[in-house]
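Next come two complexes built around subunit A: one with subunit B, the other with subunit C.
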Partner chain A sequence: MDVTLKIHRFVEGRKWVQGYSVPVSVGMTVLESLIFVKEKLDPTLSFTCSCRSSICGACAVRVNGNAELSCEILVEDLLKRYETDTLTIEPLGNFRVIRDLIVDWDPKYDRLKKIKPAIEPKPEFTAETGCKQSPEEFNKFKKYAGCILCGSCVSECNKNTLNEKDFLDPFVFVKAERLVADSRNRSPREHLQAVQDAGLWRCFNCQECTAKCPKGLDPAGAIEKLKEATFKMGLSQGVGGNHAKAIYDDISDSGMLDESKLNIKSEGFIMAGLRLPMALRLLNVGKMNPLESHPINPEIQTIKAIVKAAEKEDE
Partner chain B sequence: MKYAFFPGCVLKGAAAEAYTSMQKVCDKIGIELVEIENWTCCGASHAQGVNDLAALAVNARNISIAEHEGLPIMTVCNTCTLQLRTAKHRLDSDEKLKEKINGILKEGGHPYEYKGTSEITHFLWVLDAHPELLKGQIVRPLSDWKVAAYYGCHILRPQEIMNYEDGKNPHSFERLVKTLGAQNVEFDAKRKCCGFHAQLAAEDDVMKVTGQIVDSAFRAEATVLATPCPLCQMQLDMYEPEGREAVHSRAEVPILHLQQLVGFALGMSKEDVGFNRHVSAQAKLKLDS
Partner chain C sequence: MSKEISRRTFIKGMTAAGVVLATGSYLTWNGNNVPKKVKTGEVTYDVLIIGSGGAGMRAALAAAEDKNLKVAVMTKLVPTRSASTMAQGGMNGVTGVTDPEDSVESHMFDTTKGGDYLCDQDAVEYFAERAGKNIYEMDFMGYPYNRQADGCFHQRKMGGSSHPRASYFEDRAGHAMVHALFEQCLKNDIDFISECQMLEISMDGDKLNGVIAMDMRSGNLLGVAAKTVIIATGGYGRVYWIRTSNPYSSTGDGIVAGMNIGIPFKDPEMVQFHPTGLSANGVLLSESSRAEGALLINKNGERFMGKYAPEKKELATRDIVARGIATEILEGRGIGEGIHAGVYLDFRHISPELIHERLGQVYDLSLRFAGVDITKEMVPVSPTCHYSMGGLEMADFHTGASRVPGVFVAGECSCVSIHGANRLGANSLSEVLVFGHAAGDGAAAYAKEHKYEGNQEKLANDCAAWKEKFEEVTNRPRSAGKTVPEIRDAMVNTMWYKAGVYREEKLLQEAAQELTALEKEYEHCYVGDNSHVYNTAFEQYVELGNLLQVSHSIVQGAIARKESRGGHARRDFPQRDDKNFLKHTLIFKRDGEYQTEYKDVVITKYQPQERKY
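== the complex of A and B ==
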C-alpha cells in the first residue's frame, strides 16, 4: 500500500504543496516516510530530526492539522485514524517557518527567557553541602522536567494562534512550573510574577497543549498549578484571577455560580457597568432576571466545611 | 435507562432553555433523569486554579451522591463532563489521594465516601452508544438542514480523560446529525475552542475566535450550528454580533444546543425547546410544522 504525502513546501519565500507517493511498510513512522522522500524522491525536501527515539524533540511536524512527533507516530495508525490514504504534512503551527518543515526556535527561546529560566539555589545550599531535596520534593516537578522542547504543545494553541504577543507558549509555562515547584529555588516568586506578567490568566483552557504533548506532561495542568501558586504566594492577579476566585467563592457561598455578580466581582463596578448593553440584550430574551434571587444550596454548611477542610489540608 | 443528572450552573441560569429542552427530550426518548441532590458547581474549569484540592473535594462530593443512588452520571455540558471525569480519573488512579479526599469529605460532615463506582458520561455519547433511543422517534427528519456539528474543546480533550472517541477525528456528533435526517457540513472550526473561559481575560481574542467559528460554519453553508456544550452555545449565540464585527463577517447562524436539535427532530416546537431565549439569528431558523 502507498500513502500520498501532501507536504507544505516553503523555499525562499515561495510556498506550494507537493505530493509524494511513498510505499508504506509495517511499523513505518512519519519520519521514515519523510526520509524515504528525501533519499529516494526529492533531496530538496528539508526537515529536522536527530535521535529517532522521542528524546531530542527535533522532528515534530503537523499531520492533518495535529502536531505529532514524527519519529514515534506510525503512518498506518494515522491512515486508520483519518480513514484516508493521504496525509497532509506541514511545519508546526505558531512558529516562523525557515524552510519546508523547519521552524525557527530563536524567537521561542527569547520568549522562554522572559520567565528567567534558571534556578538560583536557596542560601542554605553550598558547594560543600550540595542542593539536596527529598523524593517527595523532587516528585513535585519531576514530570515537568521531562519536556523535550519539541514545540508540539504550541502548534495548535488557540490563544497563541490568535495573538502570541500577550501570552506565552505552553512549554514556557511547563518550564515555569518546573522552576516554581522546585524546593531548591531561592525565588519562585520571581518566575511566577514573570509568568503572570506575560499572560498566565489569558489561557483559553482549550487543552490542545495537553492533547498534543508527546510526553504526556499536561501543560494545561502546569498552567493551573501556576495560577494556584499565585494565590498561595499572595500575588494580585487582575481580571483573570478575580474571575477564578469569584467562581471558587461562589461554591462556598451558595454552591453554584451567581451569574449576575460574576462580572462585577471579576472586573469591578465600572468595567462591569460598561457591559450594560449586553445585560439589556440578555434581559430582552429572558436570559437574565434581576428580580430572581440566587438560590442557596441546602447543604451549604457542609460544602463550606469541605472547602475549609481541603484548604487546611493543603496548607 | 436511568441517569443521575448533573445539570451544571448555566443550565439553571442563562442557559435555562438547555435544561428544559434536555428534560423534554429525555422524557420523550425514555431516559429517566434523577438530578443529583444538592449538587454544586463543578468548578467551571477555574476553581482548581485557586485551590486544586478543594475543587477536587467538591467534585468528589458531587460524584459520591450519585454513587449513593447507585446511578451513572450524565451531563450535557463539555466542561462539567471534563471536570467530573478529571476528578474521577485522579481519584481512581491514586489510592492515597482518594483517602485524603475521603478524609476531607468526612471532616466536612458529608455522609458518603467517594468510591469510584459511578461512570460519568455526556448526553452526546449516550445517544451515540444507544442508537435504539431514537429509533422510530424521528417524526420530523431535518432533511433540509445543513448542520455544523461543533464539538468545542472539553468533550474531546484531553484524550486520556475524554476518551469516548478519538479526539483528533471524532464522529459521534456527525453520526447523530445523520440520524436526525440532517446533512453535516465540513467546516474548519469544528474542533476549535470558543474561548468562553477566557472571555474576560482575553476579550479581543475571544471575540475574534467567536466570529471565526460562526463564519466558518456560515461559509460552509450551514443553516444551523449545534453544540454539545452550553458554554460554547452561550459564547457563540450571545456574542455573535461582536464576533461578526471582530472578523468583518456577515455570518448570521442560529446556534443550537445539541438537545434542541434532537428536540426539533422529535417534533418539538421552537417554544418547546426554548429557542425564543436565543440572542442571535432567531429569524433564520426555518422549522416545518
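== the complex of A and C ==
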C-alpha cells in the first residue's frame, strides 16, 4: 500500500504543495516516511529530527491539521483515523517557518525567559548539600517537568493565532507551573507576576494545547493552576481575575449570576459604560433587569456546601 | 524656494519607503539563532563550546561563573535536542542517602571492573569523588529528582553497581538533566549559537584561531574567533545507522574536527552494544525487560542464554547478552534477515497487569514500531550500538584539556578514560556533569591566563575555502556519483557485519578496504540541494564524511587490538590479553594517514582480575 504525502514546501520565499507517493511498511512512522522522501525521492525536502523516541522534541509537524511528534505517530494509524490514503504535512502553526517543515524557535526562548525560568532555592538549601522535598511535594510538579519543548501545544493554540503579542505559549505556562509548584523554590511570586503580566487570563480555554500535547501534560490545566495561584497570592488584579472573583462572589452569595453587576465588577464603571449597547440588548431580551432585586437560588444551602467542599478539597 | 509637499505625495512616499524597508528586512532576515556580534565578527569568545548536551551546557555554566568571560554554546540543532535527553536510568554518584554503606571506593571499583580494567584509575577516582557532589549541585539547580521519605533524592541500583547510587527522574533522567541545565543557561543569559553545523577548528600552526561553522538558516559561513574551544559533540553511534539507539545527530563531528588538528582518537574500537534494540529500527527496549523476567528465544524456540551465561542467563551484562544474541544469528538460529536479523524477546509468561505497570514504555514501543502486543506475542530484538567509550583523548582530566593548547574536550566525544572497555549504566550522565564542569573551569582558567593569539585572516580564509567547497559539492550533477544515503548504507553494512558486535582479522581487513573505497566514492557523491537556506542535504553530506573517518578509526583500532575486552570482541582472539594489550589505542590522523600508537593504562589501586558476574 502507498500513502500520498502532500507536503507544504517553503524554500527561499517560494511556497507550494508537493505530493510524494511512499510505500507504507509495518511500523512506519511519519518521520520515516519523510526520511524515505528525502533519501529516495527528493533530497531538497528539509525537516529536523534527532532522537526518534519522542523525548527530544525536534520532529513535531502538523499532520492533517493536528500537531504530532512525527517520530512516534504511525502512518498506518493516521490513514485509519482519517479514512484516507493521503496525509497533508505542514510545519507547526504559530511559528515562523524557515524552510519546509523547519520552524524558528528563537522567539520562543525569549518568551521562556520572560517568566524567569529557573528556581531560586530557599535560603536553607545550598549547592553543596542539595535540597529537601517530600515525595508528595515532588508529585505536585513532576508531571510538568516532563515537557520536551516540541511546540505541539502552541501549534493549534487559538489565542496565539489571534494575537501572540499579549499572551505566551502553552509550554511557557507549563514551565511556569513546574516552577511555581516546586517546593524548593523560595517564592513563586516572581514567576506568577510574570505570567500575570504576560497575559495569563487571556487564555481562551479551548483545550487545544491539552489535546495536542504528546506527553499528556495538560497545559490548559497548568494555566488554571497558575490562575488559582495568582488568586492566592493576591496578584489577580485585572479583568480576568476580577471576572472570576465576581462569579465566585455571586455563586457563593446567591447561587446565581447577577448579570447586571458582573460586567461592572469585572471591568469597572468606565469600561462597562462602553458595553451599554450590549446591556440594552440583554435588557431587551429579558436576560437582565437592573430594577429587579437579584433572586436567590432556592438550593443556595446545597450550593454553599458544594463551594465549601471544593475549597476544602483544594487545600 | 520650497515646494510644498501635498498629503498624497507624502503618503505615496512613505508607502514606497515602507515597501523598500520591508523587502530589505525580509531579504536580510536570518533570525536570531546567531548573536549579531558573531555575524559581524566583532566578538572573540573566551570559551566557545561546541555541543549543547549535558557536557556542553554544564561546561558553559561553569565557565560563565566569571561574568567577565564571554562564553557561548554552539549547536547544530537547538538546545535540548541532544543525545543526553535520551538517557533513561539515572546518574551515579556516591551520596549515601539511600544506602549509607555505599562508598567512593566501591564506585571506583565497580567502574574499573565494569570497564574491564582499561580505565585510568586516577581519573576514575577523581570522577567517583566528585559525582556525588554534582548530584547535590543539580538538586540546587532544580533537577526534579524522585524523592524518598526523608526528603532526599532517591537512588536506585543499576547494572554492575554494588549499591544503589543512581539518582533519577522517572525513566527520563537525561531529559530532566538537560532541561534543568537549560533553565540555568537561560537564567544566566548564556549565548547560544544555534543551528550552526561546526565544520572545522581553525588553527594557525599551534595557535587556535576559532571555529568554522555554517549558519544553517542563511548558509553563511561563520568564522567564530575563540581563545578556547570545548568539544562536547557527543558520540558516534550513527556509524551503525539503523542499528543504534543514538539520535540522528550522533555523527562524531567533534571527534573528526579534533583529530584533524592533532588530537588522537583514544580507544575508538570500544563501542558498547545493548542487547535488546528493536530489530525493526534499533530503538532501545529498556534493560528492565530482562530484569522483570523476559526471556530470549531463538528461531527453534530454545531459550539460549544458558549456553553463554549458565548462571545469570538473560541477566548477564550487556556485552555478554549482546554476544549471545549475535552468535545465535551468526550460526543460523536467528529470525529475520540482513540488518534486521534478531531473536525473540518473550514476555508472555509475565502477567499483563505487571507488564502494564512496570514495562509500559516497552509495551508501547513494541506495539508501535514492531506491531507486536508483547502480552500475546514475542517481539524481535537484536543488539544495537548504545555508547561510545572511545573518543578524543583528554590529556588532563583535572581541566578537560586535550594535548592541543586551548582545545578542551568533555562528554561522550571524549575519552578520559573512566569507562575503559565498557561503561556501566548511569555513569555517563555523571561523567558529563563532572568533566563538563572540569572542562568549563579549565577553559575559563586558560582564557584568563592567555591572550588571543589566533590569526583572524587565516580564519576568514578557512571560511572562504568552505564556502567554495559548499558551492562545488552542492552543485554537482546527478550523474556525479552515488547519493549520500547510498554511500552511508554501504558504510553501515560494512561496519555492522565486519566491525560490529564480533570482529575478526579477515573481516576487519575487508572492512578497511571497503571503507577506503567508500571514501573515494564520497569525494564525488551527489548531494542534490544547492539552496543556501537550511540545506540539510549538505549537513548530511558533512556528517557522512565524519562518520567515514570515525569508522576508519574504529576498524583501525579493532585490527590493532588482538584480544577481547569489554565491548571489543575478537572471535580470533577470544581472551583478554593483559600482557600485550592492557593499554590504550591512540589513532592519529597525520597527512591523511591513520597511525596507531599506544598509551599505558593508569593503575593505582586495583590490579586486573578476571571479570565475572
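Going forward, the second predicted complex is superposed on the first by the 288 of 315 C-alpha atoms of A that agree within 3 Å, B and C clash if a C-alpha of one lies under 4 Å from a C-alpha of the other, contacts with A are read in each partner's own complex, and residues count from 1 in each chain.
Criterion: a contact is a pair of C-beta atoms (placed from the backbone, for glycine too) under 8 Å apart; a residue touches a chain by one contact, two chains touch by 3 or more.
These figures come from a predicted structure and were not determined experimentally.
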Superposed partners subunit B and subunit C on subunit A - clash or fit: fit
Partner chain(s) touched by A:239 [first = subunit B, second = subunit C, both, neither]: first
Which superposed partner A:203 touches (first subunit B, second subunit C, both, neither): first
Partner chain in contact with A:250 - subunit B first, subunit C second, else both or neither: first
Partner chain(s) touched by A:61 [first = subunit B, second = subunit C, both, neither]: neither
Partner chain(s) touched by A:138 [first = subunit B, second = subunit C, both, neither]: second
Which of subunit B and subunit C A:308 touches, first, second, both or neither: first
Degrees between the directions from subunit A toward subunit B and toward subunit C, using C-alpha centres, nearest 10: 140
Contacts of A:297 with subunit B and subunit C, given as first, second, both or neither: first
Least Cα gap, in Å, left between subunit B and subunit C after the two complexes are fitted on chain A: 16
Subunit B to subunit A touching residues, read off their complex: 9-10, 12-16, 38-41, 43-58, 61, 82, 100, 103-105, 107-110, 153-154, 156-160, 166-169, 192-193, 195, 197-198, 200-202, 204-206, 208-209, 238, 276-279
Of subunit A, residues touching subunit C in the complex: 11-13, 26-27, 29, 32, 38-40, 43-44, 46-53, 55-58, 72, 74, 96, 98-100, 102, 104-107, 109, 112-113, 116-119, 121, 125-135, 137-138, 141-142, 145-149, 175, 178-179, 182, 184
Complex interface listing, subunit A residues touching subunit B: 64, 66, 81-83, 158-159, 162-163, 166-167, 201-208, 210-211, 216, 218, 220, 223-225, 227-228, 231, 238-240, 243-245, 247-248, 250-251, 255-257, 259, 263, 266-267, 278, 281-282, 285-288, 295, 297-299, 301-311, 313-314
Subunit A contact footprint on subunit C (complex, rising order): 26, 31-33, 77-78, 80-83, 85-86, 133, 135-137, 139-142, 144-153, 169-170, 172, 175-176, 179, 183-184, 186-187, 192, 194, 217, 245, 247-249, 280-281, 283-284, 365, 368-371, 483-485, 527-529, 531-537
